[in-house]
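Note sheet for the following structure.
We call the chains A, B, C, D, E and F, going by the order they appear; numbering starts again at 1 in every chain.
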Amino acid sequence: MRPSQRQADELRALRIERNFTRHAEGSVLIRMGDTHVLCNASVEESVPPFLRGKGQGWVTAEYGMLPRSTHTRTAREAAKGKQTGRTQEIQRLIGRSLRAVVDLKALGERQITLDCDVLQADGGTRCASITGAWIALYDACEKLVAAGKIAENPVRDHVAAISVGIYRGVPVLDLDYPEDSDCETDMNVVMTGSGGIVEIQGTAEGEPFTRAQMEQLVDLAAAGIGRLVGAQRAARE
Amino acid sequence: MRPSQRQADELRALRIERNFTRHAEGSVLIRMGDTHVLCNASVEESVPPFLRGKGQGWVTAEYGMLPRSTHTRTAREAAKGKQTGRTQEIQRLIGRSLRAVVDLKALGERQITLDCDVLQADGGTRCASITGAWIALYDACEKLVAAGKIAENPVRDHVAAISVGIYRGVPVLDLDYPEDSDCETDMNVVMTGSGGIVEIQGTAEGEPFTRAQMEQLVDLAAAGIGRLVGAQRAARE
Amino acid sequence: MRPSQRQADELRALRIERNFTRHAEGSVLIRMGDTHVLCNASVEESVPPFLRGKGQGWVTAEYGMLPRSTHTRTAREAAKGKQTGRTQEIQRLIGRSLRAVVDLKALGERQITLDCDVLQADGGTRCASITGAWIALYDACEKLVAAGKIAENPVRDHVAAISVGIYRGVPVLDLDYPEDSDCETDMNVVMTGSGGIVEIQGTAEGEPFTRAQMEQLVDLAAAGIGRLVGAQRAARE
Amino acid sequence: MRPSQRQADELRALRIERNFTRHAEGSVLIRMGDTHVLCNASVEESVPPFLRGKGQGWVTAEYGMLPRSTHTRTAREAAKGKQTGRTQEIQRLIGRSLRAVVDLKALGERQITLDCDVLQADGGTRCASITGAWIALYDACEKLVAAGKIAENPVRDHVAAISVGIYRGVPVLDLDYPEDSDCETDMNVVMTGSGGIVEIQGTAEGEPFTRAQMEQLVDLAAAGIGRLVGAQRAARE
Amino acid sequence: MRPSQRQADELRALRIERNFTRHAEGSVLIRMGDTHVLCNASVEESVPPFLRGKGQGWVTAEYGMLPRSTHTRTAREAAKGKQTGRTQEIQRLIGRSLRAVVDLKALGERQITLDCDVLQADGGTRCASITGAWIALYDACEKLVAAGKIAENPVRDHVAAISVGIYRGVPVLDLDYPEDSDCETDMNVVMTGSGGIVEIQGTAEGEPFTRAQMEQLVDLAAAGIGRLVGAQRAARE
Amino acid sequence: MRPSQRQADELRALRIERNFTRHAEGSVLIRMGDTHVLCNASVEESVPPFLRGKGQGWVTAEYGMLPRSTHTRTAREAAKGKQTGRTQEIQRLIGRSLRAVVDLKALGERQITLDCDVLQADGGTRCASITGAWIALYDACEKLVAAGKIAENPVRDHVAAISVGIYRGVPVLDLDYPEDSDCETDMNVVMTGSGGIVEIQGTAEGEPFTRAQMEQLVDLAAAGIGRLVGAQRAARE
């Protein structure tokens, strides 16, 4: 029995609010249960130095948690003067996941930065960030098309992410914080709308997991991501 | 004529949403027109080293802007590895303003940190932070009272803040970004519910201002703060 | 009765020593009682990136305290690896105050940096910095005129600053450290030679202050600044 | 055809040199082809603050690359003043992987730090670090047993890691740098001696990968890790 | 012919002003020609962690240059967020030199920090710092004796420092900046009042120097230090 | 009697291994007894900003210690976020020493960086770094000649370094760690193949040393360096 009373393969309630802030070219507040992430896409008409003159664009991400998004207050990274290893790991993952579905040449020599800021955390913030950031990115590209800067939207497919894990011996979908902090195995899976795997990261928190368990988890994740992609489609309409 | 078509003494639309996030002991989303600040109060059962064993508490604040709260993206302070002078100036102001109305002895040996994070900026973020943080602080103290940790709420009075300025020769109330970036004089005033002045900071952006202009600005601010205090009262009910 | 036996409206003994060091284009050691600040002006023939090609100059300031300028030793900011919020607040104030009286277009595409380093502190260091830096700035501009780089001195008016406060219920001028650390209200006022207000920053340290008290403090400050401007004039002769 | 002429399922030449330096409690130079990593284990008789008094030990890791371990010189992290996100990601992975096979309670209240410093890099440095660090960790624990500080070696199983990937459409084992920088999919797998999965991290560098490809890669990795564990056993004799 | 017209073995004009600031336990402004260094001694009634409970004291130093002590403005180390290698090298040298003549056990469990801040630089700042800091240190210890905290002054001997060098083929004493930036060999020598060598640092800036040149330089330095020690004695009377 | 049973004028066993790593243009593992330093030379086809367009090259050095090169683990500088004063002092010394024997004009507009990383420390790491780095530098220059980029090797002479000291009253050559941490005087001498002195740094750790002792130490060092230069010659053949 899950603490939230959900079924093993049940996602948390998902709400997607577009245009949450007004300055960003794409702005999405995604809520997966009590995990709320604000995903803002910013378009800049230049690329980082390593790409200059190469005729392609770039998509990158930054991630942050508001100090009191967590159960007890977490020190502000800006005040400490550096980002933790966890923050850097997450923002690299978000950037890679999004780039997997973008035609960077079609984007042209510009950069889109996705800022994923967690307003409230209850587990699964990196997955919610990817799922929400995809919509913000898509919206920002639509504006570039509408402004005549690019001929067509360079986002070639959906991408979404979900966590799965083994909680008290049972494979479950979309871990919330109580499950996440008490599970045996934790896995994050990033997949495209057409079912390709972009990223898989599984970690045994206690006992190593078996190959069979791995297969169950990936099955569960694939099903969940299918539903998230459906929600992304619905949100764009 | 103001860019927003407001009257010279007209505040922007004010909306206050309490309990915006669920982990913080006080959580307020304050919106003054297009300036939106999330103010979270966190209670910690200890005080900073310089106060240990002195039988009193502490109230402090931190301030941040989401990178895309601004018209064009601002670099993330956590990524740059330090807070700007502006950020530090603002968070010191918020902390001082709130401490002015708190009986720190009555608070007991605990610290309340107010995190003021700007989700969307359109001028006046420091003032909105103070006005909103006061409510979050009050709510957090109410919880301490309800939990029996303190006998009565140590917040002794309201405190609120507003900006005023001379825009194209006319004293105006509650500057928005287009006015703020184009005004001759800019003043932030912090006052209590009973009309005492806690802080006044006036700056000539171009020409120095006269004593008479200073008086007009303070009058305007006092009227505006009266209305903000009314809104704080209404929000608590 | 003030700890220093001064009258309520009495300034501390003021001494201004020009050309204190020999490399700086302007170099002033200002002593207000036991507060001693070395103000050095450095001219650089370039402007910061945000002003390049705009046909104007820039005036900026940096502030520091020698570790043992204070009653007990303060940690060296260079050793800690960062400047405190207070330092940044003060150096921003000095820069703004000086720019208020400089015709930046007449200065041409060059930058003047005012380094205000406190050799000995006894309250009022930011005000002494502004008053002394103005002279160093003026002297540096005179050298530019003498060298034929600019046609006339772009410093259009004097600027000076003084602190005032309510100490044991009485408004007093030019707080020294014992008063500053024990006063109810503290205000710094920056005014021009022609009496315009450039900056006013009043803070209630304990009880909020009333509008009437505010007026008294500004009156007191205006009188004091008049005398400081006189001293600046005298020092230049 | 692989650039190195290896078979698809062929590991690079593996050499393990124990006691490479003399101060560390465990010191292993592991060479996988041209990737050379020095893994030093240091025992400290205390634990980090979050574990004090909990009756258990800790195992952690730090990772670094000598500036000229790479084809062209990489800036020294100590000189830049911070570790990259990649470094932090890798050292967190090494620490987690080793902890998965250590009985931390049996280790007692002490910490073992594994420093993995890359002397020469040719792809697969994180995997070589894990495989080599395990031996250094085991050796350090043997010394604790020999010194009578613990009753038995708390390392309960082997752990080793290998990279696999899809290179020009073919799943291959143990990528070297030319393959790593040109492959379609890259996966790092960490497994125990008894075949449990500790960590799996697969990333599509270009096209997403299919479920079938994922299975092939995990099969290949499992076979390779079996051989690495054999080499660890042999090295200890 | 030296740029300053001095004889080869001639020191610059030396002026020593004690009690230059009033808060420090010892405060000396030393001027060697145009090199002016303010040396402040601060006594703290505790020692650094590595000495706690060992029944001895510590003497350490910090060094800094005001930004416009130099011919052209040097960036402020506090603003850059770190001290240069040169600064650290110098402050370590000052500390070592002073400790060589202090009986740390007789000092008791307290630390004296010597802050050497260069107000104006014209070569030889590290040597002037040592020579001046010795007096500040001595004065601070005298106050400890006067206060009855220690029985006798733990400073057992004088220590002073001078630079020597080979300038246009001639060994010269007490290099000023024009000589320092154009000499072939530069040497700093630190000696005690009784003629013992505490530190010798010689560097060939261009051509290596010979053993015979080394001897000449040390002779010259010894003579100069004898005169500096005489000046220290005189200043204390 | 020395702890190592060596004669007073006996060097530790010296082993020099060229081409230790394969990417660096020069790569030398130097072992002086239990002190092992990896010296890698990297050639970059550009010079630092202060030398651009001046028609000359640059030689610089960086120094680091692996965390467990020392008897007990030393914190990693990259993790602490800054290099110690000692590290900076050493890398400046290495760079200066090497530049003394290089014709920078003949090197052309390129920079060679010598990374000296201590794998195992037992005293004398800075001297071993200089002696080993010289070979790596020479080898890197040979490659530039072989590649036709420069006409002849710009390294004009050998340079090597050794420590000497007074240990229990006796001048001894090539201090190891037990001697280094317990000697009265410690001196590092850097000399060229033709016997010129490049750098001499002598420090009294306890009692000041006499002029006669200084002479004995320099004699001892000169003899030792002669043997090191012989070993450098032998290694190149």
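Quick notes
Keep this in mind: a contact is a pair of C-beta atoms (placed from the backbone, for glycine too) under 8 Å apart; a residue touches a chain by one contact, two chains touch by 3 or more.
Remember, predicted model here, so these are calculated numbers, not experimental data.
Between chain C and chain F, the least number of touching-chain steps is 2.
Per-chain Cα centroids separate chain A from chain C by 50 Å.
If you average the Cα atoms of chain B and of chain C, the two centres end up 28 Å apart. With centres defined as mean CA coordinates, chain F is found 33 Å away from chain D.
With touch defined as above, residues shared between interfaces to two or more other chains in chain F number as follows: 81-82. A ring topology is adopted by the chain contact network, closed into one cycle in which each chain touches exactly two others. Touching chains close into a ring; read starting at chain B and passing to chain C, it gives B, C, E, F, D, A.
Here chain E touches chain F in the complex through residues 82, 84-86, 88-89, 91-92, 96, 100, 191-192, 194, 196-204, 207-211, 214, 218, 222, going by the rule given at the top.
Touching chain E in their complex are the following residues of chain C: 21-24, 27, 34, 36, 38, 40-42, 44, 62, 64, 66-73, 76-79, 81-83, 87, 113, 115, 117, 119-121.
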